[in-house]
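In the two complexes that follow, subunit A is the common piece, with subunit B as its partner first and subunit C second.
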Partner chain A sequence: MAKDIKRVSAQQRKDYMRVYGNRKKSSLHDTYAEKADKPFLEVKDLEVIYTSNKQIVKAVNGVSFQLKRGESLALVGETGAGKTTICRSILRILADPPAKMTGGDIWMDGVNLTDLSEEEMLEVRGAKIAMIFQDPMTALNPSMQVGKQIIEGLMLHNDYTPAQAEERAKEMFEMVGIAPNRMVEYPFEFSGGMKQRVVIAMALACNPVVLLADEPTTALDVTIQAQVMDLIRELRNKLNTAMVLVTHDLGVVAQNCDNVAIVYSGQIIEYGSKESIFLHPTHPYTIGLFGALPNMNDNSERLTPIAGTMPDPTRLPDGCAFAPRCPHATDACRTGVIPEKEIAPGHKIRCIMRDKEA
Partner chain B sequence: MFKFVVNRLLYTVLVLIAVGFVIFTLLYLSPDNPAQFKLGNTASASDIEYLNHLWGLDRPYLVQLWDFMYHAFIRFDFGDSWQYSAPIWPELFSRIPRTLLINLLALLMNAPIGIFLGIFAGLHGGKWQDSVVMIICMILVSVPGFWLALMCISLFCVKLGWLPVFGIETWKGYVLPIITGALGGIAMNARQVRSAILEVFREDYITTARAKGVPEHTVTYSHMLPNALMPIITSFSGAIAHLIGGSAITENIFSIPGVGSYMLTASQTRDYPVVRATAVFMCAFTTLVMLVTDLVYGFIDPRIKAAYASGKRK
Partner chain C sequence: MAEHLLEVKNLKKYFKVPAGENHAVDDITFTLDAGKTIGVVGESGCGKSTLGRTIIHLQNATDGKVFLNGEDVTNVSGHKLRQVREKMQIVFQDPYSSLNPRQRIETTVIEPMMNSKRFRTHKQAREEANRLMDLVGVDYRLRQAYPHELDGGRRQRVGIARALALNPQFIVCDEPVSALDVSIQAQVLNLLMDLQDSMGLAYMFVTHDLSVVKHISDDIMVMYLGQMVEKCDKNELFSNNLHPYTKALLSAIPSTDIFSPMQRVELKGEITSAINPKPGCRFAPRCPYATDACLEPQTLRELAPNHFVSCCRAEEIN
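Now for the complex of A and B:
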């Protein structure tokens, strides 16, 4: 095992040189220790639109966040808020058309991913940044042995011989708790939870630095959910992988994430450490989200939902996108751009009303 | 796997017997008078009666049916042609290789070309390349095969003089029958592959493959194509039936002495034993090719392969 890690890291150094070696970036000379404290992945002012029937859907409107090595960030929000789109644009695997990234930069380790050519991106996908998808039932190729699907990625990103790749794939299978002799089986021979384990093994096989987990447990039942999240946490600790976790589930967030970003209509409307968000939710939408959670110590018969639905993304309102549903909204909320304000160290919101109160 | 093949072969035999029964009955029920056909309009009633007796047509239906079934499926003897008063087998035998050659080559041509065109159109979905391929395919599918064959003859054989108008003295005689036989299938396959590719294109596992850093051409050939092929192979057997049915017309147009033209002439002259023999042969050929496509299907789709190898499943 130790030998293996050494080999992989040597390989990663080589990959690094191959992809970034000819770029004049100071990051190349940074020491590892220096880098550990700097943001490793930085998304700046990301904007993505979808075009359908000549209508423009603004899916992501100026999202920025940072991630250090080994850190984890949760993107929380309703369906359609743009969380999955954010993840896919980091890997640049948006289906184009209809989706198009119209603005923003994605910096990884001193390199702007939006500047890379498609060939250079191939070296990043799966090797540096890996993704786990929402639905394990459809995320695996039904006509390919699951082992081959892992080996395929390993062979692309490492100088393995086929035998070495198979060995490594076996290791990954053991790591996620599947007997290696099942590598020759096809996805239809696995249950949903097992498939998700395969997907996780596939994502982590090349020791990625960033893991994008797009609702990895939504399609699974509760007991399997816990197992899968434990597995991801364990492997991340082992490999020091940073993670962007997309989820609706605040319980999963509490257990797995350092920072939380609340996403609404393609914007991060509240961002902060897990503690600050959970203990001091400030944006009316965030407060609404927590109000919609059942509480064991509370005897209330009904939960409080957030009234209304998300605004039509083809016709986003002026000002705050949440204003139409917000109990505190005033005329000032409905005009202009709502700026981001830091209300406590590291805790930012986009809300002019709460911002005044605080 | 072995068990599956044996089962399918037994099944094929049952299908052939059923076909024999249906063909015989339909011909029995037809109001035509084969003896009249053979002897012409001036034939006397006693001559007709004599021929009917000679051919056994004056016996009851069940006796005739048994006689045919017994000879065809147990003795493998289809009897003599009424028109030529000669045994059918040698004649049929000499014609089979030509029909097989034309049909198999047409099949071998239409699968790869159709699949390639379909992938090409599917990957360029909505762009001009797609439209061009699809318009050509639409024309090929909708134009009747015999008209296309005649147009090809007038262009390549009459105008350009590259190929013989009829006959099979040289290999050149086979070129047009094969191509015109394949064109319709190519168009059908291309359309099917295109829609399958477009469907597979947005599947989650394609995104997974891309997220792994798999280059686009590998995504196409090792992730999209095998999955897109599954529905195509099913439709392929339909194309085979179409092709074999069409070979009667193709062979007739190109004057090729094959099974198809044998059948067509026989049905024009009410030569029932020949019609029955050729129908059973064509049916056997079709079911065998379908068996092969089913086996290929199992090779591509792991779920079906697992079903073949049942017993080994965990």
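Now for the complex of A and C:
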């Protein structure tokens, strides 16, 4: 049993290093301060495939976006649209095989991350870029007390003494709404949302300058969710951290993000400021998403999902991937590559029908 | 008194932990009729999943009773437990880990049918499985596929088909839509409501999404650290809620209106747990209205017909 735990820990430790890196000093943060206006993180023409059962799943098909220091971008989109794959590509933790990045570059602060060696990436992970995983068990060690896991992360990324780290871990527990007397428990004794909060605390303990938050609050009630988003905001204000936030919750987007990218079948089909997306959603898919929300003020019996289902990612149609479900689609939508068009300053869509109207 | 489909009486589930005893579910009482839905909301970790799992007997209750169609099913075992299980099913939050990755979709739905011995031949079970998958909308071509080939929405449909396989009367839906995008969420909610109409199913529906719970429930129960603090009709809960925790919860719903700043009630004060809890109101350490009276044990009171609240100051503060 003890041996088992040791073995698990060694493996987990490796995973941890892969995800949270090995940098002790956080001094690198201040050197970025002057370049506030330039894009800090830039994803360019990203393409990722998965090979499964000898079939090719085209998960990400030419995604580009930029983030300045301190900015936040929401990735919103259909289940399976490729949001998690995009985040994992930035951190370079795609499992290859089955995944393969077949194209594109990822620039951070003037460095192309795709050129870095695995050792160099260890310096980037955690200390510069941290990720909050959709599935908390990816980042938690099942055989280690939850409190110890946070303390370990804090010691790795800050110059804390063990006593200071423990004090800070207690504070972080309280900030995510868990009583400190529960630090001695193991992950299986925590509810789904409690595990998610521990993982959030671990990612924040790294003091990252880029935070990739993959559905960080789906398992949380709205009061804890608000508390956690406050905590993230506090960190971002302090370190001017840029954030990519993956979420299905349009309320969370409205309250926490500057810009929004709507992802469909591995492409960004609409991009703009929060204001342009919420006030002038233009792509038919985006409009459908807003239409499917249950409305607090209306007691109608049925909801209105978008008709049809997402295309099979092993056999994406020609032209616009949304065309088979789209009420406006014409023959022109079903051929060629649908270009991205700017319909208002900073507001871009991939739709040849609606970009004319606008 | 008319017989209820489900009656939960003073149900308790305690866990032993290093710091003492965690009162994860502490004295929960409610009834549910066929064709109805009770929504369960509350702080993450307040005991919603444990309540659902204890009711359908995936965990033993520490104390209290569960009646199904008037029959005490709290401590059944063996053959009887298997019969009870057929009547009470669960759909889990996570459509990824709740399906066996090495099992074809069709097998996943057929397996419980064969285990239950309700079907004598594999062929009969297979026909029924296909009928169910037609019903919930799992495409024919996907029935021989493995779970990883399906997206979250389709997996969740398989989870629902599996739960329906034994023709249950009651289903615990533990956050069945929170991993899904809003369009697929709408499809799944419509499906669950259609099934309820046609089969008279009763649901216990756990979710953090308050617009979803308002949409699907008849009554809503609000839990805080293992206890029920308020329960009433869904419209009453949103228009005339009485408990301070309910008020804080509803005030924190993130608004999709990007111009109106939120008026969130921020909860301050000591974060407590349900480990060796003190006798008074468990919300008192964070409650903006707390007084000394709140340190006394609270009782659940019916302040209006079918509106229960556990707060000694409910009349004063409302």
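Miscellaneous remarks
Basically, the second predicted complex is superposed on the first by the 259 of 358 C-alpha atoms of A that agree within 3 Å, B and C clash if a C-alpha of one lies under 4 Å from a C-alpha of the other, contacts with A are read in each partner's own complex, and residues count from 1 in each chain.
Keep this in mind: contacts are C-beta pairs under 8 Å (C-beta built on N, C-alpha and C of every residue); 3 or more make two chains touch, one makes a residue touch a chain.
None of the values given here were measured: they were computed from a predicted structure.
When both complexes are overlaid on chain A, the residue A:Asp221 reaches subunit C alone and has no touch with subunit B. Once the two complexes are overlaid on the shared chain, A:Glu152 sits against subunit B while remaining clear of subunit C. When the two structures are aligned on the shared chain, A:Phe278 is found in touch with subunit C, with no touch to subunit B.
Touch criterion met: A:Asp135 reaches subunit B and subunit C at once. Once chain A of one complex is fitted onto chain A of the other, the partner contacts of A:Glu123 are limited to subunit B, with no touch recorded for subunit C. For subunit A, the partner that touches more of its residues is C, with subunit B and subunit C as the two candidates.
Residue contacts after overlaying the shared chain place A:Ala95 against subunit B, while subunit C stays out of touching range. By the touch criterion defined above, A:Ala254 reaches subunit C but does not reach subunit B.
Contacts of A:Thr304 after superposition on the shared chain: subunit C is touched, whereas subunit B is not.
Contacts of A:Val199 after superposition: subunit B is touched, whereas subunit C is not reached. Applying the stated touch rule to the two superposed structures, the overlap between the subunit B and subunit C interfaces on subunit A comprises residues 135, 189. Remark: subunit A residues 88, 91, 93, 95, 118, 121-127, 130-131, 133, 135, 138-145, 152-153, 156-157, 186, 188-189, 199, 202 touch subunit B in the complex.
Of all the residues in subunit B, the ones that touch subunit A in their complex are 202-205, 207-216, 222-223, 226-227, 230, 300-303, 306, 314. Those residues of subunit A whose C-beta lies close enough to touch subunit C in the complex are 52-53, 76-81, 135, 173-174, 177-182, 184-185, 189-194, 196-197, 215, 218-227, 248-252, 254-255, 274-275, 278-279, 288-289, 292-296, 299, 301-306, 309-310.
Partner subunit A is touched in their complex by these residues of subunit C: 15, 17-19, 22, 41-45, 49-50, 93, 96-97, 148-149, 151-154, 175, 178-187, 189-190, 193, 208-212, 214-215, 235, 238, 248-249, 252-258, 262, 264, 267, 271-273, 275.
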